[in-house]
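The following pair of complexes shares a single chain, chain A, combined with chain B in the former and chain C in the latter.
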Partner chain A sequence: MGVRVREVGRTYRKGRRKNEEVVALDGLSLDVPSNEVHGLLGPNGAGKTTLCKILSTVLLPTSGTAEVFGLDVVARADDVRRQIGIVFGGERGLYWKLTARQTLRYWAALYKIPDARAKGRVDELLERLGLAEKADDLVETYSRGMKQRLHLARGLIGDPRLILLDEPTTGMDPVAAHDFRGLIGELRAEGRTILITTHDMDEAESVCDRVTLIDKGRVLATETPRGLAEMSGLQQWVEAETSVDVDGLPGVVGTERRDGVLRVRVVDAAAARVVIDFLLDRGVRSVRAVPPRLEDVYLDLVGRRGMGV
Partner chain B sequence: MRDQLRVLRHGLVVQWLLFRGFHTWKTWTFGWLSRLLIQACFYALIGRMLGSQEQVDYLLIGNLVAIMAIDATVVVLLAVGERQSGTLALMVAAPATHLTVYLGKGLVHLGSGVAASTIAFLTLPPLFGVALPWPWAGLVPLMIFVVGVSCYCYGTCVAAFVLGFPSARWVALNLGYLVLMTFTGVNVPTSFWPEWVRGAISVLPMTHGLAAIRSFVDGGPVSVVAGELALELAVGAGWITVAALGFGRMVTRGRRDGTIEFAS
Partner chain C sequence: MRLFLTGARMQLWLVRRQPDDLLTLCTIPFTVLMLMSIVVHSGRTDLLANAFLAPVLIGLWGFATGLAAEVLLTERWTRSLELGLAAPTSLHPVYLGRVAAVLVLGVVPLLETWVLGRLVFGVTPTLHHPGVFWAAVGASLFAMAGTGLLLAAFMLVNDNGHYQNFLSFPVYVLSGVMVPVEYLPDFLQPLSHAVFLSWSADLMRDALAPAPVAAVWWRLAVIFALGAVALVGGRLSLELTLRRARAEGSVAYA
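Then we have the complex of A and B:
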């Protein structure tokens, strides 16, 4: 098992006199098998980052146990640290006055990699992450996407078995985010276990083997993205490129427009059939029934809190 | 041990690169060094105002060595710098010992202090008519280095405290440095203080090293000079031991309190 979390709780004390207790994790349990890409989804404050911090040994749980490849994160923190790589999104966590090569050589030393091996490892990562050409430029001159690739290279420097990605595509443009997802697939193919927190449902749907929905420090559900959608019992959707009004049809729960596409929410497959036939009869040629998306499931289970990120 | 030395070396290299990103030789010379030299001159001029060459000698030598302490205690800010750049969590989660990383990074400031103090030692005494026993005075920079190591260990200890209380960084830096300026014999002889205060002063860095330098410049016995330098190193060893314990304690406290943040 890559990650095993059992009844983990974490509370913080807040307020001027530290007399206000805030529950970040409330008896959370989770299993992530080795070589799985596992998504943690939830609104802001759900406990995703707190869990990542516990697994990466920078935070102690107040109750319960957490293990990484069978190593307890509290009792065997030093051993756990050799197994993990941490990558977070955004601009921080880098020294802007260093180059990518200098950054990686430094972190290689902190991961106790001998210089001779570190040099090869750094060159390999620079090449792989597409940073070789700019390897000797200062980080402050990098684009957001390049900084994120450097974050990932730094996270991989110790050749970790578990990679913790905390909102890694925050602020990335769509092309960079797409490339980043491709890299995650490669890392999985190498046998690594990946735990990724994200607000991006499309990202979770495209890269994760399974996802866990978290809210208020508890697990709401763990499933494959498709399985989660199917078990949710949510209505189906019909999508069509049209401006035809379908609101009055039987079985239609609601409609919305997104990027010029009409999305019709219907109660079941029979109602979807009615809507499709109705649209085809009116000459609409681009129409299809689609199962509920992960985002729909998320909104249904969690509500619209925390989506404004 | 080899791992620790590698971390120390890479910490030094990285901090040197960051230091170069912050300072050019011009800004270091005309900004930082000038500020330190002017401070030493200020106190020497007070000695001149008092109309005593003996006072000038005392104040200038004390403040030349104190320059070392200023630079060595700047390491206090490194602890907060890691928090601000979002690298503290990454450092804590890395297999290397945090204290070793800090020690390596702080060596740049130790070097800066030795350079500034030595330049001051070579340039200011002739301006104020302070006679030095050349060529033996050439050994003084080595003694300044010993003082620097001791102050650096003290600064690292204060940095451990600041790691847990980052908002207190400037207070800690100024207080840490001013305690040395006030009590260790820079401007006021240690004999001025009551007996019980002198007991506490004897465990502060610079007290014994400065006494050794004063004794050496005055032509005192080698045994006294060597003894004071040995005591200075022992004081440094004590402070670094406390720093090691302090760093471990503050990181544990941060893990418990949840104050070691991921960047986002």
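Then we have the complex of A and C:
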């Protein structure tokens, strides 16, 4: 098992006299098998970052236990640190007056990579993340996307078996986000385990083997993106380019028309089948069933709180 | 040791791009000129060594403590500290290396001051015992790095500049860098022995005087020992601070 979290709770003390308690994690349990890409989804304040910090050993749980590759994150923090790489989104955490190469050399030493090996490893990562050309420019001259790639390179310097990515694509442009998805695929092919938090449902749907929805420090559901959609019992859609009327059919909840496209909302997959057959019988082409998207499921389960960040 | 060197190298990279960090050190020679002119015009050339040493030591001291505190505070608010904590090494040798690197550069104003005294007043304190003097400088730099780490760990908890001022002036008095310790009230004198700067200032003053310097090894050892105590204390309190931050969740928050 890559990550095993059992009943982890975490409270923070807040306020002037530290007398206000905030519950960030409320008995959360989670399993991530080795070599899985696992998404953590949830609104702002759900506790995603808190969980990442606990797994990366920089924060202690208030209760419960968490293990990384069978190593307890509290009792064996040092061993855990050797196994993990962390990437926290945003631009902080980099030294603006260093170059990318210097940054990676610095962190290579902190990850105990012998000097002889560090140079090659740094070159390799600069190349891999497309930073080789600007490797000797100061970080402060980098675009946001380059800084994010440097963050990723930094997170990979220790050759981690588990990579914790906390909103790594916030503010990334679409091209960079696309490259990022490719990188995740490569990292998985190398046998690494990846835990990624994100606000981007499309991203989660495309890179994650399974996702966990969390809210208020609790797990709402863990499933494959598709399984989650099916399990959610959310209605499906049928789309077709036609003007045929389907309103009277069984299982149809509603219809809408836009730009010559008919969208039919149906209660389940069987009802979708009926509508599709009905339309095909009438010679309508380009008919397709559209399962609920992860985003629909998310909105259904979590509501609209904290979206659009 | 490797981590220490990593920190030192990294800080030198940073300083090269950000030389303004060293700017505060450049003010030292002016203070020296001011004090020297008082001493020279009042005919008390016997106090020349004091006028020379006081600003240099005070400047370096303020610089060391300020810098160390800044290194750690910056690490915290840029979230690098958090990233560092997740790395499989301890951080204090790295930070110590970073502080030490700049302290060594801090010797430059000392030389600068020397040159300035010669050019402007045609006087410089004569180095009667250069070996002792430089040994004292070396020991003092070590002690400053250690004390810097201690203060930085302290500042990390009590994140506000008042403490830094609070700590600096009493230390200047106790250290006897300008006012000889013998002028202090009796009850303060033992206290000043706990401040390594008082030993540094004494030893350097003696090294500038023609008379043979007494008990050189013993006094160097005291400076080293006081520095080592601060170093160990700094290391421990840094560790405690970070441990507490880990428990309270305040690593990334001010």
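By definition in this document, the second predicted complex is superposed on the first by the 258 of 309 C-alpha atoms of A that agree within 3 Å, B and C clash if a C-alpha of one lies under 4 Å from a C-alpha of the other, contacts with A are read in each partner's own complex, and residues count from 1 in each chain.
Here, contacts are C-beta pairs under 8 Å (C-beta built on N, C-alpha and C of every residue); 3 or more make two chains touch, one makes a residue touch a chain.
Source: prediction; values computed, not measured.
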| item | value |
| --- | --- |
| Overlay on chain A: chain C relative to chain B, clash or fit | clash |
| First (chain B), second (chain C), both or neither touched by A:Gly158 | both |
| Contacts of A:Tyr95 with chain B and chain C, given as first, second, both or neither | both |
| Partner chain in contact with A:Leu60 - chain B first, chain C second, else both or neither | both |
| Chain B versus chain C as contact partner of A:Pro225, first or second or both or neither | neither |
| Touched partner set for A:Cys52, first chain B, second chain C, both or neither | first |
| Which superposed partner A:Thr170 touches (first chain B, second chain C, both, neither) | first |
| Contact residues of chain A, present in both the chain B and the chain C interface | 10, 12-13, 50, 53, 56-60, 78, 81-82, 84, 86, 88, 92-95, 97-98, 102, 106-107, 109-112, 138, 154, 158 |
| Residues of chain A that touch chain C when the two form their complex | 10, 12-13, 50, 53, 56-60, 78, 81-82, 84, 86, 88, 92-95, 97-98, 102, 106-107, 109-112, 138, 154, 158 |
| Complex contact set, residues of chain C against chain A | 2-3, 6, 10, 13-14, 17-18, 78-80, 82-89, 94, 246-249, 251 |
| In the complex with chain B, residue positions of chain A that touch it | 10, 12-13, 24, 49-50, 52-53, 56-60, 78, 81-82, 84, 86, 88-98, 102, 105-112, 114-115, 138, 154, 158, 166-167, 170 |
| Partner chain A, residues of chain B touching it in the complex | 3, 6-7, 9-11, 13-14, 17-18, 20-22, 85-87, 89-96, 101, 254-258, 260, 262-264 |
